[in-house]
Amino acid sequence: MEDLFNLFHGFAVIFSWYNLWMMAVGLFLGVVVGVLPGLGGPNGVAILLPLTFTMQPTSAIVMLSCIYWGSLFAGAITSVLFNIPGESHSVATTFDGYPLAQQGRAGEALTACFTGSFVGALFSVLLITFLAPLVAKFALKFGPPEFFAVYLLTFCSFIGTGKDTWKTIIALMLGFGLAAIGMDTISGQLRLTFGFTQMLRGVDFLIVVIGLFGVGEILVSMEEGLKFEGKSAKINAKVVWETWKKLPRYWATLLRSCLIGSWMGITPGGATSASFMGYGIAKRFSKNGDKFGTGELEGVLAPETAAHGSGCAALLPMMALGIPGSATAAVLLGGLMIWGLQPGPLLFIEQKEFVWGLIASMYLSNVVGLIMVLSTVPLFAAILRIPFSIIAPVIIVVCAIGAFSVNMAMFNIWVMLVFGVLGYVLKKLDYPLAPMVLAVVLGDRAEIAFRQAMMGSQGSMGVFFSNWLVGPIISLALLMLFWPAISTAWDKLRQTLAR
Amino acid sequence: MKRQIRKLGYGVLLLVVAALSSVATATPAAAWEPTRPVEVIVPAGAGGASDQMARTIQGIVMKYKLMKTPMMILNMGGANGAEGIIDTKESKGNPHKLMVAFSAIYTIPISTNLPFNWRDLNPVAMIAMDEFILWVNAETKYKTPKEYLAAVKAAPGTFKMGGTGSKREDQIITVAVDKIAGTKFTYIPYKSGGEASVQLVGKHIDSNVNNPSESIAQWRADQVRALCVFSDKRMGFDKKVTKDQSWADIPTCKEDGIDVQYHMLRAFFLPPGTSADHVAFYNDMLKKVVATQEWKDYLEKNALKDNYVTGAEFVKFLEKDEAFHKKLMQEAGFAEKK
Amino acid sequence: MEQKQTGGRTHSGLSHNTVEMVTAVVTFLIGVVMMFDSYRIGSGWAVEGPQAGYFPFRIGAITGIVSIVIFLRAFSGKKHNLEKVFVTWEKFKLVLMVLVPTLIYVLVTQVIGIYVASTLFIGAFMKTMEKTSWLKTVLVSVGVSAVLFWMFEIQFLVPLPKGPLESLFGY
């Protein structure tokens, strides 16, 4: 009950014209940085941080967190329309979002994305409101073996039975190899840099994605004769309504993604892992699982719900423990400290007004954000009607800027170009690109967690089954990995028994 | 027609010249001033201690209008910060680039053989020093460093020390403690001090050697205990931070017979090939920054040691500090074979 | 490497299997290079767990072996696969029409900055692809660059590569 009282108090704090205005400004900027690949939540928040030093901390966090929500919402837009993820967590959205746009159902796809995001956010905020102390304690249970287990689970839930096993393996291995470039955190040694200073920072995942998906897609489109396959979609308020009517039947997928999202946000796994896991699990359990990748509404709903859910939930460990659950949360954390607030277990006791103001603003700003992005759907869908001769070079320019601004290096643009050609060739040869992207995102982190666990256990594998948390997760992961084999064996067994 | 165009051209040129000269004459006091946005290179990730310091300074500069052009913060944290340092080194003669420095300027060249040295850069000033503290989980029974290290000594290899990265300040301190106290820690590298701090609360490690700012939240919540500070004298801030302790109440490790001292510089460098005028401008600006109340509050909150050093004295400090790191790292076996 | 299908068939071009084999050779080489570099930094299992090169070495090894499998499969491929065309020359020409200008664009960016290069790139693209009118071409290409400049340099303070023109204006 006290939570509800606090929440109402929080609403009272944020209901001022000034705070509402800050909310709108934040959301708008968030949408802008979310749409541009390369610029993302972390940039948006970091760039505006100095402006907030003279503001009230509550107003400041309302504005900055709104940038975050805006970018979470808007990352899907370019994924769906052009196959270019505006944010790293919207890569999984391209798998089904882009095919939908090609079928002329961009409006539906975007509506599903935004609504899914909203549902995921709402779930996480409810969780934070009522279970904050409990959830914060749960996050503390995660040490290296547990982190490794979660990454393994993400892999195993995502790596389904590809069409061509050998090519899936190559794609995965190339991804792992890319993730290994740069300095090894555990030993401080340089790996696979071959003495080039440009390779020191490693190959950022965003550059790979921009190249493979963005530039690669343009090259493929060129073959089809100077146009995107997307037919200009009919978009109006009716589409939104029609899509909403379809959504309730995907309640199971939504619920699963909500759980995955909030879990991955709380135990800092990040929005990107959450979106991949959400997609993978949905594909595994949905009745239409085998149609995923050809334009299933469920396939955009699942990753977006999980991503936004995890983004919201990531604020809880940030406030309660001082650990950022995502890159954006890391910048917000820095902001908190600069405003003179000390994130950590005492924040909830000492800064009630701030914490509950933020939580209340999360409810409100996600509603406002949903309305805002939904109203932009026709605008973005109109982009599809611009002639290819204009949109193609503009996309290449935006891709180049995105690649450059990841860490201000001209070298990145060249890398992007190489991956563009690679994306074209691999796509035409039917190499699956999704496992490669996943491996680039998680390969490095999974390796670090594994080796930290090994150091702690002095090289004993037993550590992965040493407690009630890590053991079941690992078992679940292995079950997922061998599920296709298990299910075929089970079917055969049943057939023989029936006979 | 042609003539008109030429006239127009002259006009534009005249305007440009006028604009440029007005910028130059507006402030006769300083010999040089930035004419375009200044990029502040942070060789660490967003949200970490170096990043926070840079952004605090950015806020102060903006608030008091200490610079006419905007200041942009760029995070280049790849390869433990080598990315940002090398970028600065390669921006020869660019006075619109300022780099935030910490001990990585010595440790990276020693541990990786990467081709740079702080002498390649143009030192501006050191503005503070960071302390290091030995932390344990508050639920353990260890109240003094002596008790804790005795327990570690009794069970070699089973106690886990967490820290930021590999072959960096945290591991250097760990090895130094091992050497002086005769212990044997298992060092586990994490991506950031914040992570090491939370892992300590979750009992996934037994201790860490975090900076005050990285562990203050857990300390105040009574989740971790500060055993001692790796310094020759106690910290100067005597305002209560937890219920019953201030930073000044934490004893030095030396008091308990473990004579390990380590400080990390927080400094600024310009790219090579920049002039004394450029250094003078930034020096002047930083001097104004450290005089503000906001900066003093920042120092106190993060228990940083106020230490403004510049010019020849700064270079002397850098030389001494580098030799100190070299010695420690060679003893620990962290130096990469040439 | 490239075999042109004879007989004047409409879909002559790069054979699917050739590209498949070339790709396999490239991935094989990547695998070998990874193994080589990982061996250098230690690819064993030390007391404290896997060394820095442990995983990359094995990743390289797997990449190499699987590449051989894919190569052999393409080499002894079925008949219909042999005749399958990766891309016809006509379509390949279209792909090059984007790829080559993009390459030039990146090169030019390095010299005169991204804003001027983008203006030229977008303008050239519009002019050659669709023969848009000069007015429209200039409006769109300059407009896009101007908006980008305003957004990145002025609003978000993200410094992108700039050249002599921008420095004339003090950026």
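Every chain is named by a letter (A, B and C) in the order it is written, and numbering of its residues begins at 1.
Keep in mind that, in the parts below, a residue touches a chain if its C-beta (ideal position, glycine included) is under 8 Å from a C-beta of that chain, and two chains touch if they have at least 3 such contacts.
Values in this document were obtained by computation on a predicted structure and should not be read as measured data.
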| item | value |
| --- | --- |
| Pairwise touch network: line, ring, star, complete, or other | complete |
| Chain pair, A-C or B-C, that carries the greater number of C-beta contacts | A-C |
| Centre-to-centre distance between subunit B and subunit A (centres being mean Cα positions), rounded to whole Å | 31 |
| Subunit A and subunit C: spacing of chain centres that average the CA atoms, whole Å | 25 |
| Geometric centre distance via CA averages, subunit C-subunit B, whole Å | 38 |
| Sites on subunit A at which at least two other chains make contact | 184, 186-187, 189-190, 408, 455, 458 |
| Two or more partner chains touched - positions in subunit B | 74, 186 |
| Multi-chain contact residues (two or more partners), subunit C | 48, 157-159 |
| List of subunit C residues in touch with subunit B within their complex | 48, 153, 157-159, 168, 170-171 |
| Partner subunit B, residues of subunit A touching it in the complex | 42, 46, 49-50, 53-54, 140-144, 182-190, 197, 200-202, 321-324, 327, 330-331, 333-334, 337-338, 340, 342-347, 407-409, 448, 452, 455-456, 458 |
| Interfacial residue positions of subunit B with respect to subunit C in the complex | 16, 19-20, 23, 35-37, 39, 70, 72, 74, 186 |
| Residues of subunit B defined as touching subunit A within the complex | 45-48, 51-52, 55-56, 58-59, 62-63, 73-76, 78-80, 82-83, 86-87, 111-112, 114-115, 157, 160, 165-168, 186-191, 194-195, 197-199, 201-202, 204-205, 213, 216-218, 220-221, 223, 297, 301, 334 |
| Interface residues, subunit A side, partner subunit C - complex | 32-33, 39, 43-44, 47, 166-167, 169-170, 173-174, 176-177, 180, 184, 186-187, 189-192, 194, 215, 218-219, 222-223, 225-226, 387-390, 392-394, 396-397, 400-401, 404-405, 408, 410, 413-414, 417, 420-421, 424-426, 428-429, 447, 450-451, 453-455, 458-459 |
